[in-house]
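Look for chain A in each of the two complexes below; its partner is chain B in the first and chain C in the second.
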Partner chain A sequence: MSGHVSPKSMYFTIFGALMFFTALTVGVAFVDLGHLNFPVALAIAITKATLVILFFMHVIHSSRLTKLIVATGFFFLLILFGLTMTDYLTRGIQPNGQKGSMITQH
Partner chain B sequence: MVQQKESVTLGMWVFLAQEVMFFGGLFMAYLLYRVWYPAAWAEGSQELDVMLGGINTVVLIGSSLTMAFAVRCAQLGQNKATRNWLLLTLVLGLVFVVIKGFEYYHKFEMHHIPGADFVFHGPNADQIQIFLSLYFMMTGLHALHMLIGFGILAWIAGMAHKGRFSPEYYSHVEMAGLYWHFVDIVWIFLFPLLYLVDRVHHVG
Partner chain C sequence: MTTPAYPELNYLNATHGIRSWLLTKDHKRIALLYLISVTVFFGLGGMFAGLIRLELTTPAGDLLAADTYNKMFTMHGIVMIFFFLIPSIPAILGNFLIPIMIGAKDLAFPRINLLSWYIYIIGGSFTLYAIVVGGVDTGWTFYTPYSTSASNTNVLPTGIGIFITGFSSILTGLNFIVTIHRMRAPGLTWFRLPLFVWAHYATSLIQILGTPVVAITVLMLAAERAFGIGIFNPALGGDPVLFQHLFWFYSHPAVYIMILPAMGVISELVACFSRKPIFGYSFVAFSSLAIAVFGFLVWAHHMFVAGISPYAAMVFSFLSFAVAIPSAVKTFNWAATMYKGAIWLASPMIFVFGFLGLFTIGGLTGLFLASLGTDIHIHDTYFVVAHFHYIMVGGAIMGYLAGIHFYWPKITGRMYPEAWAKFSALAVFVGFNLTFFPQFILGYMGMPRRYHTYPPEFQVLNVLSSAGATILAVGYSIPLIYLLWSLKYGKVAGNNPWGATGLEWKTQSPPLTENFTETPIVTEEPYDYARQGAHVG
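Moving on, here comes the complex of A and B:
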């Protein structure tokens, strides 16, 4: 229930973790991970957002209905990304399996 | 009372889920153009100041911490402490917006504002204009949310100053907190996506 009062130490711990991940995402951006730089940056951001949602926004103590609404928002975001990208990224592909002229340039 | 609290929280989260979709359209545009024009994204990102962006990240997460303490004090019925934490949150938010203002002004001086006055040399100039358009749209919409947040914080701080809140009645503070943390989360994504695209290679 929303009446749950968390100890101060919990907030400081989460804040410390968020600072750690901020430093990590800056540091790792200057290291060459090839194609992994983008996924790693995203993974760190998602981790930070999850910490904020669960502990600063008290979702961990919320009802299951509230948790469902929270998850729904992000679920529909993934549908938006997923369906749009499957469209745009497959537009140049011909039925014979060969990659045709990409229509992405201008 | 329990049911009222539940519906307030639920309603706020429905609003925030809508906000996720609101920002989601811009993130979608960002993702697609990043996949299409990776070189322009790498080069455009170098134009942004990692130091200022990083400082703003620390400031904004810090303001989320003070906001969390404001809610905690409201839960305990400590009106004075609630007011002080809210005002500290407001000050940190102002610091963020002022730093953002300096960044915008620098872009203005460089003629990096997309539009008729846009000047950028190199083969990727057109695509970098798209990157900077998204930069201004996304950070601008985020900054607009912060400005609205200032109004909410000032209003709630005024209520706390009058001693309106008690352990049974503090939904205003909690909902303002949810809004503020959401704005923080948007920035948590904007910072790496805009400032840290490809810092390994020194292009351009």
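Moving on, here comes the complex of A and C:
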């Protein structure tokens, strides 16, 4: 609500960056990075989302309350992912601490 | 006491004609639009419940075929949860009262408020369409892979209906949060807010943070069902337990969307009818926020036998026990408020007592289900059905009825017949217990939910339950009659028939379209019943 007006050049710069990362995503898809395939794709996606939120959605020039609200949203996403992972990452571990014979996913 | 005059000019007669209602931006009129539509859905959901109870009076499946029965309990759940319980208190009482309670002319976004009602109606129409063209049989939980690859009923239109209606809930929550932050009257600090407003603030947080998750989950379900995109179906490389994680991430907190506003109503009424300030105001206020946040950390208690890891089960069991604490804080504070109070047994207070008893039983039996060992025995039995009905019907609907009765004079400017209201409260309480208490026993004895037949030895308890449902239906129907009757013949209520504190009782009943003639300035602490003096009435 600060009434901050961003110059058009900013929008084009960010647009360019998003296009660059899109091309990078496509490019990386042709290179087999082994275990890193997924983390790299995710890192690029997160970078792009951050750019959109900060600049296109004007969060970078918004009040602290708005920033807090945005952060809260991501905090809840973290809860969703984090607590779900308490399940997926511990499948097959028995309460006695030993690896059981339970069928693990994937 | 002289009879007060009915105010000549008010929000009900400010403008005329159907257009003035369907295009209104007045939060009070929108609340009434919600009241009418939500009541229609309640009737529909109740009809499905009636058919379920009728089928279960005999052990054989003689009234409804198995697949028809599946559709009945599915549609009962969907209609009651998404179209009655979730909008009931926030969209009706919250909509009507929050601006008045904080001394504002309207909500922050009146047009968005109206939009939320239209979205609700559009979503409701999709679901009604699904019901009319043959219904849906997945259970209100839409578990995969049944819902995506096996059920041949109307899963998609129902899902779309729920997806759309979710946005109505999000917009209401957004509106409340902005309104509470930005539009409080001068002097109305956060800690002078009525606890009803705190409860709705917490509810709004859940609506905004949780509803998008269920919307996306339903969308993924639709993508798998319609286009065969493998997300949940193991045959397509998906994981069915993931659906349960995502679904319950919203649907457990959704229980708090239903119960928190009811708790807000109870806080107002307990203070008013005990003629005492609420005991531990800040504890009651912050327990609402605690419920909203911690309510998001317990969802997998619905999945203990679904194949989640023993470690995750222990984490979620512990957290589920922890979430009982803020609810207990509220209950103890209400009891402490009533202690040595001058209790006035007016009809809304009878509903409050009903709430306190039933919610306590509902909450405590939740702990049975949160225990890992016990849950294996009673999971998916009638014990669970009884438990959540004690919370959602015994708690949320009791709170809703308490609120409707308490604020009816403010909404309409007229009183209802007090004796009939007391009779209705009693009928609901007796009927409710007769319906659902036997289900605890049935579940403990091992009767599973969602079957249209059962062994003959379960019949007595099932007949008791069905008989109770009849009394419950009477208890719910009587208010419909006398409240409508009161619109024309009810005694004129005056500004403050209960002698209650709060800005909403300082303005006329029914209020003007702009609520107040001039912006009120708040100088009092909340629930200042010591200064208010002896009881009115």
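Just so we're on the same page, the second predicted complex is superposed on the first by the 95 of 106 C-alpha atoms of A that agree within 3 Å, B and C clash if a C-alpha of one lies under 4 Å from a C-alpha of the other, contacts with A are read in each partner's own complex, and residues count from 1 in each chain.
To be clear about the criterion, a contact is a pair of C-beta atoms (placed from the backbone, for glycine too) under 8 Å apart; a residue touches a chain by one contact, two chains touch by 3 or more.
Just so you know, these numbers come straight off a predicted model, no measurement behind them.
Residue contacts after overlaying the shared chain place A:84 against chain B and chain C alike. By the document's definition of touching, both partners, chain B and chain C, reach A:73. In the superposition on chain A, contact of A:20 is made with neither chain B nor chain C.
Ranking chain B and chain C by residues of chain A touched puts B first.
Looking at the shared chain after the overlay, A:32 reaches chain B, while chain C stays out of its contact range. When the two complexes are overlaid on their common chain A, residue A:53 makes contact with chain B while staying clear of chain C. Note: residues 65, 72-73, 76, 80, 84, 88 of chain A belong to the chain B contact set and to the chain C contact set alike, using the contact criterion stated above. Across the complex, chain B meets chain A through its residues 2, 5-6, 9-10, 13-14, 16-18, 20-21, 24-25, 27-28, 31-32, 35-36, 50, 54, 57-58, 61-62, 64-65, 67-69, 72, 75-76, 167, 174, 177-178, 181-182, 184-185, 188-189, 191-193, 196, 198-201. Taken together, the chain A residues at the contact with chain B in this complex read 1-3, 5-6, 8, 11-12, 15, 18-19, 22, 25-26, 29-32, 37, 41-42, 44-45, 48-49, 52-53, 56-58, 62-63, 65-66, 69-70, 72-74, 76-77, 80-81, 84-85, 88-89, 104. By the touch criterion stated above, chain A contacts chain C in their complex at residues 65, 72-73, 76, 79-80, 83-84, 86-88, 90-95, 105. Put simply, chain C touches chain A in their complex at residues 181, 209, 213, 239, 241-242, 245-246, 249, 296-297, 299-300, 308-312, 314-316.
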